[in-house]
Amino acid sequence: MPMPDWLSIRRDKQIPAEEAGLWEKCPSCGEVLYSKDVEANLSVCSKCGYHFRMHAYDRINSLVDDDFVEIGADILPGDPLGWVDKRPYPQKLEADREKSKLSEGIVTGLAAIEGFPVALGVMDFSFRGGTMGTVVGERVTNLFEEARRRRLPCIVFTASGGARMEEGMLALAQMAKTTQAVERFMNDGNFYMSVLTDPTTGGVSASFAFQADIIIAEARAAIGFAGRRVIEQTIRQKLPDNFQTAEFLLEKGHVDVVAPRPRIRETLVRMLDYAVDRRRILSVLKAVPEFALG
Amino acid sequence: MNLIVEREKSFEGLEQRIQELRSRGGADAGAQIQRLESSYEELRREIFGNLTPWERVNMARHPRRPLANDYIALFDQFDELHGDRHFRDDPALVAGFSKLRGRRLMLIAQQKGRDVKENIRRNFGMVSPEGYRKASRLMTLASRLRLPIVTLVDTPGADPGIGSEERAQSEAIAGCLTALSKAGVPVVATIIGEGGSGGALALALADWVIMPQHSIYSVASPEGCASILWGDASRAAEAAERLCLTSNDLERFGIVDEVIAEPLGGAHRDTPAFTATVIEEIDAALRRLEVQSPEQLRERRYEKYRRIGSWQEDARRGIASAAT
Amino acid sequence: MPMPDWLSIRRDKQIPAEEAGLWEKCPSCGEVLYSKDVEANLSVCSKCGYHFRMHAYDRINSLVDDDFVEIGADILPGDPLGWVDKRPYPQKLEADREKSKLSEGIVTGLAAIEGFPVALGVMDFSFRGGTMGTVVGERVTNLFEEARRRRLPCIVFTASGGARMEEGMLALAQMAKTTQAVERFMNDGNFYMSVLTDPTTGGVSASFAFQADIIIAEARAAIGFAGRRVIEQTIRQKLPDNFQTAEFLLEKGHVDVVAPRPRIRETLVRMLDYAVDRRRILSVLKAVPEFALG
Amino acid sequence: MNLIVEREKSFEGLEQRIQELRSRGGADAGAQIQRLESSYEELRREIFGNLTPWERVNMARHPRRPLANDYIALFDQFDELHGDRHFRDDPALVAGFSKLRGRRLMLIAQQKGRDVKENIRRNFGMVSPEGYRKASRLMTLASRLRLPIVTLVDTPGADPGIGSEERAQSEAIAGCLTALSKAGVPVVATIIGEGGSGGALALALADWVIMPQHSIYSVASPEGCASILWGDASRAAEAAERLCLTSNDLERFGIVDEVIAEPLGGAHRDTPAFTATVIEEIDAALRRLEVQSPEQLRERRYEKYRRIGSWQEDARRGIASAAT
């Protein structure tokens, strides 16, 4: 399957400059940065190391060797509750599709990273705050089921504000669905890594994000169960700056590794190299010829 | 201020008057009592017969609503087990061996307090990582010993304190969900009061989920939802309308397998009878499930949650519509 | 196999009064107690509830329905290091045998408790401070292997100052030996309860004591890894009174249940009743006819 | 005050003198150098050739003795993994994926510091419950991924602090022993310096235990033992004599499978060569073990420890004697 159009476009860096904006200001150090430089630097500020949020396809692009075979793209959201707040839910979805160039909060598919075939999921905060509705749950579940069938290692990049309110309990139940799929996948002896990016909270944090064999946190990412504001409201005091940061979690023993974005790919490759038996992979690939490696 | 408690106050005069007339007796009292009682009944039916979602939220939080210990008292026996083996025993999560109609089982419950003092001790039913780790330890033990797992869910949500974050609340909840995924024994969950978000689901990944009529089970608290949507927690009633957190909604969505009708005015109007009915249904569910093999149980539980969602045909046609 | 002489003697309460001493003073409340009363009350002070240490056979006597089939009694200590401190190790062993009326620091065997056949081990602090040398390790291992063969639930009462110095690393290695035996036993789906009595520390605490499915602590017992004095020396301050007590451990989540000695038996029976399938037991008993139940 | 360091000081003058003569050169220097060197060698052989147990204790604690990181540096690669997933990352226990001669493995080590500052951070190699829980988590992961486990043991003992007791040090150590019992992969342990009691054994329940000649491995620290026996920690040297904590003793007892001779004067006299030798032996052990199936490994490991002790025939005859 060829690369989706959107990915090809990003890869070729053919975004019209007037669309992307020529300059961006770093919200951390205030430096004004040339947008193309930022993008070339994996959306990390070249001055202070601030991590801008990264588009799911950009992320995929920065990781995979060649083609990315997307699966689950045909799974699209409904409006099970007939939700309306300021706007009807379908309108919000439409606006997010427009804004994010994504069909939902996660992109899932198969790819090779440095020659390692993997199942890969990348969440994107720009679609409904990366919240998990039934589509995110279904795509994640499909990904793990597909990875289990093919005995591929699975990698998921998380970025989420939690369960998606607009789908009510149907969204929350995705925690149960995904947890079961991950458990089944791991119980068969397969290898799973999660990469927690900014922010990873709520129902995603409390399900597949923290079930992994190896948990990598992207530097400076905010990670936790309850949101920072909820905690501050509850305890009625300001939280220290480093609270719920990746670095804080490393000290508290919650994650295996913290890595800045430019080192995430190499970290993943090193871990795959340790955890995955190349001989097994090759035999799997022979058995599933339709899965072409670049 | 609980909405239902306020309503109940409006009946108090009427109830007292009926009582007085009854005790006084006399020739004309009979007719008067009948009249008053009939208007009393009418009023109650009018007020309680068709509760709004927000009224149900208040019912689920009613200070006299049956709590976990009211249900636990009806099991043949209960021996509490403590601790996560690492850090602390969490009083918000009560768990232990139990028996129901002679059947050995593992009982795991969120316990709110009845008064301020007990609520402080029980952290208002908000479970800390230690509580979830105690739960997953005992779920795993139950599975090892082939004991069915019965859970009673009643929490505003998982504890959102600093300590809980420091000790990896997310990991603890994911651990419970994983333990329930692995369990090769029947799992029956009952949402006895408030089913608050992931902190509730952690105990409710079950083969059979029972929900009393006026309990709530929600992706977010109405207050939290309102504050996110409109930056105004006081619009919780509106949020409650939208969240589909009532038993009827959830049965329709396949989140809940069985709804148990409550007495007019709520479960607390007749706690002994109501809790007994719930126990009856838990027993019936266990009876149906215990004939299945561990593999069957796991497989069917997987498939049950596998199906939940609204993406299916609707979504593939790109049409927004409620799932069946 | 009949009850060992010593147990029969204790059971019949035929200990000559002049031997046992007529009166005992409670070290907690100072009350002077009639020795026979203390014994009748499971060696608990009738005034303040202080738990005197209890002889292993008295303990067994207070638990089992009828006969106790001792196993491992023929496993006796050697002197692998040729140890001498103030006295040679063999002399110390001899003195302890005399004093404790025990051949080593644990008594192991098979019995029935309220109709539940169990494998039962009871440590005794009066023999070398309940330290685990190779004999304790071997007897515990034998007990779990026997219990595994017969698919019996296993109960071990611990009381130990840790590994036995006089047998050096051979003693420490018993932690590895017993842990493996317990793991194998439990991995087969069998049920294990430990009862931690005063004191349970060091190598015993860090092996089979804390491996159990259900851990019961006897009220007021001191339980921990490092001894109280070692910690005080390390941190150079006095520890709070309740530190390392059973009650402290319950609060810290380390043990399932704390029970005063008079309630230990009934607690065990209730737990067995939950954890053990009576039908399975009966089939086991049919298969092993030589194991007679009282 | 380290005994060996003191001894080394007595050579310093002689070593300097030889250096001086060498650099100065001259006609008579050659003979003088030879004379000095031969007496230097003789002295060293006399002092280091036959160390007492207490001297070996000092050698094992020598401030320049190779530490875990000196060995880790010789592996092809090492990627540290952190945390117990619940409470803390313990810097006294260093663990992660590694490769040796291309072989993927899990490396788990106790890490002392080289200076005061690092020693405070590493807690002098005394591991807390979090460290042992990190270790058992990664042992279980290694077993899941079929990676052999290599451990490097160097600790005065498990951390005896208040916090460690509060967080169940015993349970954490038992957890490591259990994880190693379950592991269906080769386990090779090396006692690189101090093997202090249960805190050391927690990482050393292994298929193959390697011990450099002057490392120690003991049921109790000599100081602790002396303080228990005579109420006098300063009699540690006497206690060391009795504890049979040297490599030779332990090989005889079957506690240690392989002793590696150290250079005269101790491993730190030639750290690069010595650590390379140890790594060589670890590799050889892995090569021998990796052909075995998970079941074989577990079975043989079980039998190995099953046999350790001195009760056997001796004891049954009631005769006190050393085990073979």
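In order of appearance the chains are A, B, C and D, and numbering begins at 1 in each one.
Methods note: a residue touches a chain if its C-beta (ideal position, glycine included) is under 8 Å from a C-beta of that chain, and two chains touch if they have at least 3 such contacts.
Keep in mind that what you see is a predicted model, and the values were worked out from it rather than measured.
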*asked:* Keeping to the contact definition above, tell me which chains border both chain B and chain D.
replied: A, C
*C-D versus A-D: which has more C-beta pairs touching?*
C-D
*Provide the C-alpha centroid distance between chain A and chain D, rounded to the nearest whole angstrom.*
43
_I'd like the Å distance between the centres of chain A and chain B, where a centre is the mean of that chain's Cα atoms._
33
*CA centre of chain A versus CA centre of chain C: separation in Å?*
53
*At least two other chains touched by the same residue of chain D: list those residues.*
85-87, 166-168, 171
*Taking each residue of chain A in turn, which ones touch at least two of the other chains?*
210, 252-254
*Think of each chain as a node with edges to the chains it touches; is that a line, ring, star, complete or other?*
other
*Give the pairs of chains that touch; include all such pairs.*
A-B, A-D, B-C, B-D, C-D
*Complex interface listing, chain B residues touching chain A*: 158, 160-162, 164-171, 173-174, 177-178, 181-182, 197-198, 201-202, 205, 217-220, 224-225, 228-230, 242-245, 249-250, 253, 255, 301-302, 305-306, 308-311, 314-316, 318-323
*What does chain C use to touch chain D in their complex?*
74-86, 89-90, 93, 134-135, 137-138, 141, 162-165, 167-177, 179-184, 187, 202-203, 205-211, 223-226, 230-231, 234-235, 239, 243-244, 252-254
_chain D to chain A touching residues, read off their complex_ = 77, 79-90, 97-99, 104, 130, 134, 141, 144-147
*Where on chain B does chain D make contact in their complex?*
85-87, 129, 133, 166-168, 171-172
*If you look only at chain C, which of its residues touch chain B in the complex?*
189, 191, 210, 213-214, 250-257, 267, 270-271, 273-275, 277
